[in-house]
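Questions regarding the structure given below will be posed in turn.
Chains: A, B, C and D, in written order; residue numbering restarts at 1 for each.
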Amino acid sequence: MTDNRPHLRVAMIGHSFMGRTHSQAWRSAPRFFNLPLVPEMAVLVGRDAERTQAAAEKLGWAEAATDWRAVLERDDVDLVDICTPGDSHAEIAEAALASGKHVLVEKPLANSVEEAESMAAAARRAREFGARSMVGFTYRRVPALQLAQQLIAEGRIGEIRQVRAQYLQDWLADAEAPLGWRLDKEKAGSGALGDIGAHIVDMTCFLTGQRFAGVSGMLETFVHERPVAESSAGLSGTAGVGRGPVTVDDAALATARLESGATVSLEASRFAWGRKNAMRIELSGTQGAIAFDFEDMNVLEVYDATEPARTAGFRRILATEPEHPYLEAWWPPGHALGYEHGFTHQVVDLVEAIAAGEDPTPSFDDGLHVQRVLDAVERSSLNENRWTQIQTPTS
Amino acid sequence: MTDNRPHLRVAMIGHSFMGRTHSQAWRSAPRFFNLPLVPEMAVLVGRDAERTQAAAEKLGWAEAATDWRAVLERDDVDLVDICTPGDSHAEIAEAALASGKHVLVEKPLANSVEEAESMAAAARRAREFGARSMVGFTYRRVPALQLAQQLIAEGRIGEIRQVRAQYLQDWLADAEAPLGWRLDKEKAGSGALGDIGAHIVDMTCFLTGQRFAGVSGMLETFVHERPVAESSAGLSGTAGVGRGPVTVDDAALATARLESGATVSLEASRFAWGRKNAMRIELSGTQGAIAFDFEDMNVLEVYDATEPARTAGFRRILATEPEHPYLEAWWPPGHALGYEHGFTHQVVDLVEAIAAGEDPTPSFDDGLHVQRVLDAVERSSLNENRWTQIQTPTS
Amino acid sequence: MTDNRPHLRVAMIGHSFMGRTHSQAWRSAPRFFNLPLVPEMAVLVGRDAERTQAAAEKLGWAEAATDWRAVLERDDVDLVDICTPGDSHAEIAEAALASGKHVLVEKPLANSVEEAESMAAAARRAREFGARSMVGFTYRRVPALQLAQQLIAEGRIGEIRQVRAQYLQDWLADAEAPLGWRLDKEKAGSGALGDIGAHIVDMTCFLTGQRFAGVSGMLETFVHERPVAESSAGLSGTAGVGRGPVTVDDAALATARLESGATVSLEASRFAWGRKNAMRIELSGTQGAIAFDFEDMNVLEVYDATEPARTAGFRRILATEPEHPYLEAWWPPGHALGYEHGFTHQVVDLVEAIAAGEDPTPSFDDGLHVQRVLDAVERSSLNENRWTQIQTPTS
Amino acid sequence: MTDNRPHLRVAMIGHSFMGRTHSQAWRSAPRFFNLPLVPEMAVLVGRDAERTQAAAEKLGWAEAATDWRAVLERDDVDLVDICTPGDSHAEIAEAALASGKHVLVEKPLANSVEEAESMAAAARRAREFGARSMVGFTYRRVPALQLAQQLIAEGRIGEIRQVRAQYLQDWLADAEAPLGWRLDKEKAGSGALGDIGAHIVDMTCFLTGQRFAGVSGMLETFVHERPVAESSAGLSGTAGVGRGPVTVDDAALATARLESGATVSLEASRFAWGRKNAMRIELSGTQGAIAFDFEDMNVLEVYDATEPARTAGFRRILATEPEHPYLEAWWPPGHALGYEHGFTHQVVDLVEAIAAGEDPTPSFDDGLHVQRVLDAVERSSLNENRWTQIQTPTS
């Protein structure tokens, strides 16, 4: 029983939180799923040689490297997985695509619409030569949300009229929590808006199959100065020790419409005490509703309005049955999946698309659209919350 | 043991849903609470003599009458309880106050800011002569929400940074649900906005102790025409049978700020399938958070951020202990109160204020402020969602 | 429009917790339901003349009296509502039935099987003469539980295989909570077993339509001595002040079977910190399951196993729709009912049965069966938990 | 930066459900935790050469083998991980210990008390020579339950008075679900009792730090015959195709006491429709309570009775903070762990104990005690549910 499957040699750039998560996904996917290509954790790229070497050993990458441009030149690398902060996404992704590599880039796609447009154009060009690109909105691969998408696509709740989406965390609610790169506009592009707001924008598109038409938005920064942590060294505006300025939003609120006219309320906050990772979305349609909360991530709640009123009610579906997306590969019913499984499923879907010669989703165009929505929220916020159209995606 | 307490003779105008609810409150309050005045259910006023007589017997009012102006002239009436649709509130309330009666008026105070201003002015004038006035935002008297207000006032969650409030129902989500007066702008003033949005606006003010500074709003009507029900006869625009136009909003969304700058997201909808009466509010402060959902109305959830992270979590307080507001008068712990108890507590607080010669809350000024917020939402909605200041209340 | 309905003149004995609750029910029922007989709150009977008079005024009874035997002789009393502690139920109920009165007696029916048998025999004799009798297991009249019974009777969850029932409170978990009559075996018969265990035994019978076949039981008293409260004066074994003995169980556990062989687990405890009135029952059948928790009393959870696994899940039915039992008389969907509504519904069903000349349920025979189950639990507990058959009810 | 840590070479026997789960744990543990020994997935042992080879490749084991006795002889194996059905545990574990290997054996320890006693004795002997043994009750390593244990040990809820434990699944509720080895008494020892009941017995011991003193038990088989699946071939009593007998219990109920006298109610069922893996435990102490449900496995609910009644309530702790057990190695707050993480943590604790020269827990003595409780439940069930003492563990 020889394994004749071709290999897919991966280089990953970045090895902090996202790097650790992606490593677990690359490692686990082939152990549970029958992949058409065998992923090889070939090379880990970081800035510091010693720390990168240590990370490579710890996370299970065959090699360590510090020059990502050199890695892109290598013939023995097929795919580049970009886990760096948003300000370097465009440069690395475009270079990788130009080298003919497949690219997976963490969300948000970029820090600006301009970068995102350039990346999307690069992805379209590379597609001609068979290089695939994907942006890492992994919540699309949570089984309960995948199920939600299927049910909506099947018409189970009819036409969508209203979406309510929140992404609530509390890790900055303590005014003395230290500055980090995520609070620096130059590194991160924006705050809650791009970090977690991006997820609910993408999730709304994914679940409804629609784009946003326009938004009215409001951004707010509650804490304007924070203690500089050692790890914050080098952030713009921080002078060694003491306190430094927060240059991004702490919370973002928006009222929006989809192409169909459906209304959307959006709220992203890192100041919602007690909410640790409450990515919540509820969609009300003409025939029912669907609700999800990531703090109870294996559950999908579905209301079927065609039921007689006497027995109608939100049904709490524990999305851990073999009939549910991705679940056949895992554990028996009721044995929960966790955060990292979305990343594993992302690897599965990406590898399958590459092997099939198809474009994976979410595409860079999808990522560009999210960027446009975030940008419109920001512009509206600076313009008396005024209604701001979202540019139609070029295609 | 003779009862020397003075009586408070009540005339109630209107006997449909709210009339039934208020009747149960007037009947129950003196049975559970030691009131300083003995309420007398003296006279019920309606338009149709026969139906009003039947309602008076059924609901337990001593007399029935059809001419509310005549009732206001009577010396044996001390208080007028106005349960009619919003378009008649101003006229009746002002006349009652002019007659020296105390007035309780159902929410929303009026159908327009102009009417509300006029009523508030009338209330201020009448106060000089000892006539008290109150607007019926009864959710303030739900024990769990009363507890919330106390905890916030005590500083338990610090300064409020963010409010998230929703009021979700689904009774109009069926596009074939019939027209009724609540869908007629002339009768109801607005749709979801004034009917249920008013509650979350008032609740935000009550819990934070603040007024709104401004809003950006959006209104939406999903279903523009509905079958005319028999009971809809006479509504504007309905021509006997067939279908008639919906002239109010089905859903209202807003992003707002309080005087302190705290952000508020508001959503009122009658199209949220599966949500029957989900009046939800969550307040995040500098030191914690509080959350409530009327569908589980005896519960308050409180997060105390001064707890060590290891044992911090939302505490589910079942607000049915004798230590909780109003509860000593009722049942043992865990024996739920229902919707009507808020109305009974409203009677208790109103009667106590009258006996003490104090002004009850929420006042007509409070009602006027709510009206101004609703009006600003509507104007913003017609003006590209633009930020709209709320007029500072005159005092 | 004259009201020609006959009246039903009620005498109530006892005016503490249950007396207050029953008063609210007698008062409210005719205001919301169209009853065939008009209840009259005629006379309240208590031991102390002054306190009874005060209670009658407060609770709304026309007269007060202290000699219950004299009241039973009166021609202007049609029904006797017994709200005294269990040790007096048998004597009063049998005398009332002998006088030809209808009888409603609070649960548990009696403090012993012997008394209960005698009462059930009396009820059977009285039935011949048209006197009706009912035992007050009011949880049968909670809409969500009434709905549960209907769904089970319709076969929605198939044949019942397993019942899990708990009744958890915590009002005695504090070892310094004072002695009261409910801790005195002579007054109360038993502790958690008869007070709250009785409810889950009856609820199991009600929902399954079956009797118990046998049990294995265990009783436990955690705190054997408690401070004597002023109000405990006169309890057996208490010598004025200081501490007195607890002579009843604090918790009761049992494993049982119904006639069909279905298994039942029962647990009643007043020591379950944090559980205030958690009367919970879950029934698993061949085709589904039903679950209920009184701490969320307007909700019924239903699992339909005939659903495809992909979309199956417990459905959270908010039993507040007009389609639900009793609800048409009350408020709009989502507007919760409370604890007292079960008592109001009990009055409705009792009055309707009397008017129709039918025997209401639960009957004294039903109450006797509960008593037999409680007795068997106690005997098993004293006999190494050994399996103990329940005597087949005579009929 | 050379890695000088010694390796721990593992041989795993069995590669179905548990084998897959253990493989993921051996693979993941060193990637997230700093282990003192480096685990090597050396050899996978199965009965069928071809299938074992395929499994080894899929699951990431360096070698495959079919003769477990030969593997025990190898010098290059340090630890044997036994994932076979219970009937082979004793033979393999004792042989492995005799060969000086460390042993991890899946729960339940054995299929009978006799086997378990023999294994515990072997473990005690082997300990002298430095061979460590552990039984795989992995739920002890779920962070929320580990936290529960710590809080109880710290006295947070005082002395335990009552334990309520359930383990509810529904995978056999369909009477046409096929026969498998878990329904065969010879292979599995018992049904729900040993498979899932064992977990709640062990969890009770773990959380309370106590042993069981005695039980009263009841076993039930609802479906006595099932279709023979292909995979059931060879089970005792099955004649090729058609239907075969179920020889184990479908549900187990027990009422028990711990050494301290605390009461325990236990229920294990595979027939609880809608409950997929509801391993639930609630402990009520003198000063509070703790509750857990595996279907929401990242949450621990804690009630602190020393709180004032006004603000007391079950606190919903999301056990995903860095302050929680094992969590520092994983994701940010609110990013859920899943079922498999308990197994990863088990590897971590086992490896650390081996490196430290300490005995890991749960020990074979712990596993033996669980076996004695299961045995007592079974004997009680056959003896009119009579109270059955648990033998004091030899030590």
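The criterion applied here is as follows: a residue touches a chain if its C-beta (ideal position, glycine included) is under 8 Å from a C-beta of that chain, and two chains touch if they have at least 3 such contacts.
What you are looking at is a predicted structure, and each value in this text was computed from that prediction instead of being measured.
Novice: Match interface C-D to one of B-C, A-B or B-D, accepting only the pair for which over half of the contact pairs are the same residue numbers.
Specialist: A-B
Novice: Would you say A-B or A-C is joined by more C-beta pairs in contact?
Specialist: A-B
Novice: CA centre of chain A versus CA centre of chain D: separation in Å?
Specialist: Chain A and chain D have C-alpha centres separated by 36 Å.
Novice: Roughly how far is chain A from chain C, going centre to centre by Cα mean, in whole Å?
Specialist: Computed from C-alpha means, the inter-chain centre distance equals 55 Å.
Novice: State, to the nearest whole Å, the distance from the C-alpha centre of chain A to the C-alpha centre of chain B.
Specialist: 42
Novice: Two or more other chains touching the same residue: where does that happen in chain D?
Specialist: 170, 275, 312-314, 318, 321
Novice: Select the category (line, ring, star, complete, other) that matches the graph of chains linked by touching.
Specialist: Shape = complete; every chain linked to every other.
Novice: Okay, in this complex, where on chain B does chain C touch?
Specialist: These residues of chain B touch chain C: 1, 3, 17, 20-21, 23-24, 27-28, 31-32, 50, 53-54, 57-60, 169-171, 275-278, 294-298, 318, 320-321, 331-341.
Novice: Looking at the complex, which residues from chain A come into contact with chain B?
Specialist: Residues in contact with chain B: 157, 161-162, 164, 166, 170, 173-175, 216-218, 220, 222, 251, 253-255, 263, 265, 267, 269, 271-275, 282, 284-289, 303, 305, 312-314, 384-387.
Novice: State the interface residues of chain C toward chain A in the complex, per the touch definition above.
Specialist: 147, 151, 301-302, 308-318, 321-324
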